[in-house]
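Below, each structure is written out as structure tokens.
Two complexes follow with subunit A in common, the first pairing it with subunit B and the second with subunit C.
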Partner chain A sequence: MSLKIKMQSAKLWNRCAMEFDRPLACAWGQKWREIMNKVQREAWIALLLVVPVWAICGQLPILLIYLEGPSFLHLFSFACATMIGGLSWLLLLFFNRKRSRKAKIEFDERDKLILIRSTLAGYTVLWIYFIAACIYVWLSVAPGRSISVNVMPTVIVEGIAVFIFTQSVTTLIQYGRGAKRSELKN
Partner chain B sequence: MNQTKVESWLYFFLGLACFLIPGGVAVFIAYDRGISFVPVLMFTGIVIWGGLFWLFPFICNKLRKGKKKVDFDERDQLIHKKAVMAAYVVLWLYFVTACVIAWCIVGPHGSISVNVMPLTLLGGLVVFTTVQGLASLIQYGRGGKEK
Partner chain C sequence: MNSSTIRNNIRRLRFDNGQMTQQQLADRVGVTRQTIIAIEAGKYAPSLPLAFRIARTFNVPIEDVFQHEDSQAGAPQQ
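And then the complex of A and B:
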């Protein structure tokens, strides 16, 4: 009797989970996958998560070096983080090309073209940002005076946030709203 | 040699002189006589012009779209884009290296002259121009368009 009750309750639990929990958990993911392709999802994640996290946490190595002095490990971690941040598109291009060669093509020529265009747009805005930062420092401090050496890495770290932001926005603009649905129809 | 290849050679040789000398002069004027409108405008103009000059062929191509003669075709566009991407990669590495070197030399509590920043930017422009010109020439190879 108790076994029957247990089985029934388990069935009920499963049904509840099917009715309420799973749709809530999966519906978002499924909707995401229906509406957007992988690159678009990555762009949204970069825009909403990576940019703010990078803008805040990117200063951490600079603070560490300022407090504890420049050690090899700190400088190396800073150099690696900035290189990966600024050249992440290269990794994206490499891995997606490798994956598309294997079997499932999720990254075709159009995606590649969009990635290249958005990267160029990102670099263009980054260049303008560097010029603006440089001119601002030059104007605010007289040319004969000096500034803290930490200004340079700070400008570079914030430059990465600017680059990722621009790249993500340009990617999303290029894909438009109904990218994947129109692809499926075709 | 096609037009783009000639431009690459010009860019490679004249880029250094066209951007480095006037930019350096602007920084020197600002350092010697104090900050004023003219050197700042001169410097800004040079770095914007030099850094975004790669957009020029694309704009020209769009404006010339209706005409029959095509000087800048798809292959040229692809080569140009690849060269610009390579130049930007090297430029980024240059900025990170410059930053780490300054940190190592001065120390995190030290200070640098404010003129280091515009000079670093000018150096970046020279690196960008040189790498772009080199990458274009390498991609075109020896024979260029005639092949």
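And then the complex of A and C:
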């Protein structure tokens, strides 16, 4: 039984490693577009760029409001950051549609299936995160007392980061499961 | 417990058809190269329309491209 678990975990580790060494392959000269799908590329960009930038830029106005009190500039910057962070995917949809008119096939039924699964995983983790946040607040603060208003925007901003992170990781794991070593060499 | 797998001969058929590359096959059937790689490796079972498109590309019946295998783990109940 333990041998089976070991074999399974080694298999899973290999699959993950296969997917997560792709940026290294790119760094060693292989073309970004040749070894990755559009969805894979977007997942890597989201994981390495969008999530850290969002986690920092989304939290910065909240921190400033917490330290200096609410002002027009701070509230405006928070509104801008959340609007851009929460709705930027609409711009991506628009640009992708415009580009896909002349580009070769970059999205097919397998990508769609992977995207649906990873979005479901992201939604599930996001929901668990919100439940955990509620329970944590109830446990840390007695029901009769109050909490800082900064908690709510923080929970929302980090919730979006959690969703994007989970979606990206599950997308990459699913692509890693279908990958072979030869894919990197071709 | 029944576990089923779908075997395929895409790699062999590609080489029989003038050493067609994965990218050429992908372009003909309207998917990405990564999807062809996953199908060849048995990691992804294509949809029925895609399976028919692949078979039509090679001018062979679908049974020549994909074979369904049933393997029973455990004793059959009678």
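Simple rule for what comes next: the second predicted complex is superposed on the first by the 102 of 186 C-alpha atoms of A that agree within 3 Å, B and C clash if a C-alpha of one lies under 4 Å from a C-alpha of the other, contacts with A are read in each partner's own complex, and residues count from 1 in each chain.
Definition applied: contacts are C-beta pairs under 8 Å (C-beta built on N, C-alpha and C of every residue); 3 or more make two chains touch, one makes a residue touch a chain.
This one's a predicted model, so the numbers in the text were calculated from it and none came from an experiment.
When both complexes are overlaid on chain A, the residue A:176 reaches neither subunit B nor subunit C.
One of subunit B and subunit C touches more residues of subunit A, and that partner is B. By the touch criterion stated above, A:110 is placed in contact with subunit C alone, subunit B being left untouched. Of the two partner chains, subunit B is the only one touched by A:70; subunit C is not.
Residue contacts after overlaying the shared chain place A:37 against subunit C, while subunit B stays out of touching range.
Overlap of the subunit B and subunit C contact sets on subunit A: empty, with no shared residue. Across the interface of their complex, subunit A is touched by residues 27, 30-31, 34-35, 40, 43-44, 47-48, 51-52, 55, 81, 84-85, 88-89, 92-93, 95-96, 98-100, 102-104, 106-118, 120-121, 124 of subunit B. For subunit A in complex with subunit C, the touching residues are 36-37, 40, 104-111, 175, 177-180, 182-183, 186.
Within the complex formed with subunit A, the subunit C residues making contact are 22, 26-27, 30-32, 34-35, 37-38, 41, 43-44, 46-47, 50. Per the touch definition, subunit A reaches subunit B in the complex via residues 65-66, 69-70, 75, 78-79, 82-83, 86-87, 90, 116, 119-120, 123-124, 127-128, 130-131, 133-135, 137-139, 141-153, 155-156, 159.
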